[in-house]
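Would you mind keeping the following structure in view while I ask a few things?
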């Protein structure tokens, strides 16, 4: 009951929260002293990065581990890993795009060989490589195993990306929101809007993942239906 | 679940590749220590059946147990280690000589390497021990494949059209070999277009068509 | 495990020695690639010896890709893979053996290309010699990672083209670490941190390989 | 000859389209190689946009090698070569067809990598657009030279490793001409002389191919 | 020099590969428009002989004329264009479907493409026209190879163990096909371990051993 209700509500709630975020971000919160209206990207870019790097990539990696572990091995895990990685690829791309848009006025360039930017780009290539690897293998079991191993190797890059700003003090913003001693460097309505955006985009991820997962199930079902047809035809080859 | 006297137990086994059913529902029980011949027209599914039994393709639906390994839940690599496989393609390193190939296999299996000369002699390759595998003739390659299996002595032999490319003397040798193997208690499953030549073997013959078993007689 | 590793490494190196691919094809390729990258960058950058370390590692990366491809060819047809699978070799041992063979080949090539960098790009000799230990470690890490990725991309369609895409993001950090430590060696800087990073990478790839290579073996 | 060329090019492109190797493997490889070369050189050189043209052509060279390898794989086993040989196709047509298919693939990749260079290496957009015609010509010449070398190294053992060694010396002039004309375009310099050189190279390789491809076909 | 009624004229032909003589001095004359079967033990040199006749390996010493092409001085590529070759390996593009492969061949030969459906039907592949060649079974690949030859209709057919991997019906079809080919005036040279099945063909049988002709009877 509750599960059904929450599933039914996931979509509308996500949309409502996103709308609220945009309203707060665009009209209610004040412009920044230095950055002016550009600061409004604060409610989009970090949230998208959060979803791309941690929520979806993380989901994919955890599902991959669960797939490789014998006792929890199932097609469900493989599907989750695949769908989450696809969402992740989109969000990492969006991170790069929103970051570039933000970078152009602040740093004066679209792209720089900054540690975080580079490691984010590398992470995107990992995600694309994952998708390419899946396409290149037909055997479902082989595909599931290989992509799971690949996702786990790729995961090493996530912490590198996160800590890159501290390790290599470069252009990109250091930890602004989640500082090590727990002090928030932004204040008031900005902070709450930022948190709201994180939450809203996280919900968006789950919504997208669910939609994508269902599509995958539907595909499998349609495949199964076409299979009966193929089976009947193959059996007919036997009788002359 | 699987009775110890059965080496193969398939029930409604379906194998799909690219959405095409190579096997479309095979139900089959084969006894341990027997000789079984799979025949059927081109494209009937003989090779596919052997590949399934060797753990080289996955079962898509239905159930099966081979050599005590469950095809759905078990480890296919475990299965592969129990069967010996002889296919159309060569099954050795092309750049190594006949002898080096067998030495590698023997060391990997922890067998003494002094068996090798004997095995090579038995399959009629003693004059080609140092020839790189890629230079061997088609029939000699098949013989090297047999030598590799002789060294391994697997409990289940899966042989895909072993007669093809063997000469007359080779076929006679092969029949003798299979007789030995059966007597030693191993199971043999052979795909073939020709009937076996030796009458002493009295195999069970399973005929496939359209990915199904259509006849089965001993 | 060690026994299997030595057996496999011995087999791979024997095949390589017999075909003389390393001597006649890989080494010339390494030197040529170095020259060409120098050309591509034009005298302004290449004559400038600070590009040496980067170019050296770029070339070694290409050589690694080439060698992994080659090691796929050695493993041969699917028939060979099938029979070898039936030997029941310990996958961890197979991984270590293949990585070891690849590392040996990369070390040989690396030393030659390093000499090329000193001669052709005027990279300082003393610094290069100092960088040698870190070069060997990084090349070993490349070999381990490459073996892993070779297994990942093998078998399916077009492994030759899939491999670079899969392995590049993983090689990138190694490339950077290598370039940094080599540059530091040239300028007499502190090396230990890059040493540490490369060692960690080597151990990580070896660990992953030992644990997961079995899962990857063509099923 | 033209009919044969179109037939062969159509066949190659159809196989490529079916396997989607270009989209999923070659394009990502190109972009990745660009990023990596940027990394290898370190920010000092890569951030510096003058390295853009050189890196672009270096990457396209690697892509060419990859694609030629692939086109050897397409030609398949020696059995296939034998049967195709018995069709009596006009070798000049086969050459033109294979070169055309390769050129089409290189053009597509080239445009994407060029976009990557503009975005990632800050190479000037206007200059890059101006350089486009010469890029297309040079890539076509690379395709012609590559096809020729593919035939040279094919068939024998280990074409995958022999190929780069054979082709590098021939690619070097193309690389230099390309780099120069692109740099000139960036600085608004005169282009016509590089244009001329690349056109001559293209015509020369096409001519050699048309005349000699028959001799090179696996004997 | 070569008489027009002879399709093959070898005198003391030696073929060396890596210093090893695959053929060690073959002297042989085969008449145009006849069926010739080459037999012999594994490694006797059957495949090597066919490869020599197809212009796929060079003559090391001795002399020979095939289909009017001198093996020493003539253009081997010219020879390859006159013969049709069916070997163990598939002889088509693995990624293209059966039909696409034949379409490519037809276009290359300047033949009308509407023959293709008929040819595919004739070799029994009409239910696999759109299957990629690499997915075909061993026997179906052999049949596709025959279809390719049917489309080409070469003047000399060189077939290396055509029976291997063909099923019963396929072999009958093959015998009929060869009968047709001979009647149309082309020459056929087949290597085989089994005797041909149809008695109507009455081939000349050449037996090789150690790279030499050791018996020859019609």
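As written, the chain order gives the labels A, B, C, D and E, with residue 1 at the start of each chain.
Just so we're on the same page, a residue touches a chain if its C-beta (ideal position, glycine included) is under 8 Å from a C-beta of that chain, and two chains touch if they have at least 3 such contacts.
Since the structure is predicted, the reported quantities are computational estimates derived from the model, not experimental observations.
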Overlap of the chain A and chain B neighbour lists contains C
Chain centres from averaged Cα atoms put chain A and chain E apart, in whole Å, by 58
Whole-angstrom distance, CA centroid of chain A to CA centroid of chain D, is 36
Among all residues of chain D, which ones touch two or more of the remaining chains?
19, 24-25, 28, 32, 35, 39, 42
Counting only residues that touch at least two other chains, what does the list for chain B look like?
17-18, 20, 43, 58, 88
For chain A, residues contacting two or more additional chains
118, 122, 125, 128-129, 132, 136, 138-139, 141, 237
Category of the chain touch graph - line, ring, star, complete, other:
other
Just spell out which pairs of chains touch, all of them.
A-B, A-C, A-D, B-C, B-E, C-D, D-E
Complex contacts: residues of chain D adjacent to chain E
4, 7, 11, 14-15, 18-19, 74, 76-80, 82-83, 85-89, 214, 217, 219
In the complex, go through chain A and note every residue touching chain D.
109-113, 118, 121-122, 125, 128-129, 131-132, 135-136
List of chain C residues in touch with chain D within their complex:
19, 21, 25-26, 28-29, 32-33, 35-37, 39-42, 44-45, 50-51, 54-55, 57-58, 61-62, 66, 69-70, 73, 157-158, 160-162, 164-165, 168-169, 171-172, 175-176, 179, 183
In the complex formed with chain C, which residues of chain A make contact?
68, 118, 122-123, 125-126, 128-129, 132-133, 136-139, 141-142, 145-146, 148-150, 152-154, 156-157, 160
Residues of chain B touching chain C in their complex?
54, 56, 58, 76-77, 80-81, 83-85, 87-96, 100, 104-105, 107-109, 145, 148, 152, 154
